[in-house]
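Chain IDs A, B, C and D follow the sequence of writing; residue 1 opens each chain.
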């Protein structure tokens, strides 16, 4: 978990130095993550799909920092719960490969439950 | 972006093989990310803060997979927008270090705007 | 749908006068609703459960306006989809009464699926 | 708050009968509201804007019940915080009328801060 590893260490240090770990339980961190997700949504809510793919430089910069906030809280929450994010993502990818066989879902985005 | 790099490549391949990139514009991906965030919240909404830090093995497993979904959509969205997630997180961390000086915020979790 | 009826009419007029109905499709409105939900979460993320129930007057005022935003987008979205919100809430309440029999769930907040 | 008044009374009774008011503090209720918002988003994430406005009957039914869940938690949370939702919505509408003058924003959905 190389690059995320260093980031994780730095983020933990940031919290410890400010005596903020007392607030960083998973319940609170998950709420904070969802709050940042709301801010990310606000950048896209009135754009159409094509516009959402061609942000100007300033907007792209703002969006990058909102996405950073989400990654930050995701890493903090994983640290508190002792979860390996990257490993979990590979496991989820394997599950999705079983759930959505290539030939059966090609070009079709309906949710898994709807099949 | 080492470990995330390989994951990014695998996730893109997964989408391409299913002809799903047509649905994977940033607007849709941000909605999907927020949908997964909602599922993560549901695991914690009736737990108190202490309980949220001591999940049993089965619940921890489910939570890990929800967090994986969030990471997956975050990576997909960053790929579509050509954003470097880890680099953005370090930039955000530097901003936060300026915004929340250690000595002024120790033990105090009020939001930045409230100072 | 008395009081909500008048509010619905006023909100529609507000959108029409600004030529905003072109943006008010359900997909966009649901994103806007979720963005406001994120703002609401941010007010509570670092409070413990007891603090969340005893907001000071200024914070309570801010929270009331965030909740108003959610109600506003909920009403707008229901209008676009021709959904009766209050009627749907009574139907959902009836479903919940069947799903969570009083004697079986008393004092237990586990999610329905976990029974 | 007529129609919402009766709903509020019924929802409170539902919680009291199950001894669930102990879980219904604003922090938890706001999380639950956000969880339901995530479920609502999931119905729309892969639809385009036009499709989102023309749901088939079954999907519309599901969406109506998700919206009901949001209204239910909004009402519960308002009750716990002693907030009048409809009154707050009218106050927010008045604020928006000042913030977005008709002639200046016609046909333009940029966020208020961006003016």
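We take it that a residue touches a chain if its C-beta (ideal position, glycine included) is under 8 Å from a C-beta of that chain, and two chains touch if they have at least 3 such contacts.
In this text the structure is predicted, and so the values were computed from the model without any measurement.
In terms of C-beta pairs in contact, C-D outnumbers the other of A-D and C-D.
Distance from the chain A centre to the chain D centre is 24 Å, each centre being the mean of its Cα atoms. Averaging C-alpha coordinates per chain places the centre of chain C 2 Å away from that of chain D.
Touching of two or more other chains is recorded for residues 23, 27-28, 30-31, 34, 37-38, 41-42, 44, 46, 48-49, 109 of chain D. Taken pairwise by the contact criterion, the protein chains are fully connected, each one touching every other. Against chain A, in their complex, chain C makes its touches with residues 23, 28, 31-32, 34-39, 41-42, 44-46. Interface of chain D with chain C (complex): residues 1-4, 7, 10-11, 14, 17-20, 22-23, 25-28, 30-31, 33-34, 37-38, 40-41, 43-44, 47-50, 52-53, 55, 60, 63-65, 67-72, 74-75, 77-78, 80-81, 83-86, 88-93, 95-97, 100, 102, 105-107, 109. Against chain A, in their complex, chain D makes its touches with residues 27, 30-31, 34, 42, 46, 48-49, 109-111.
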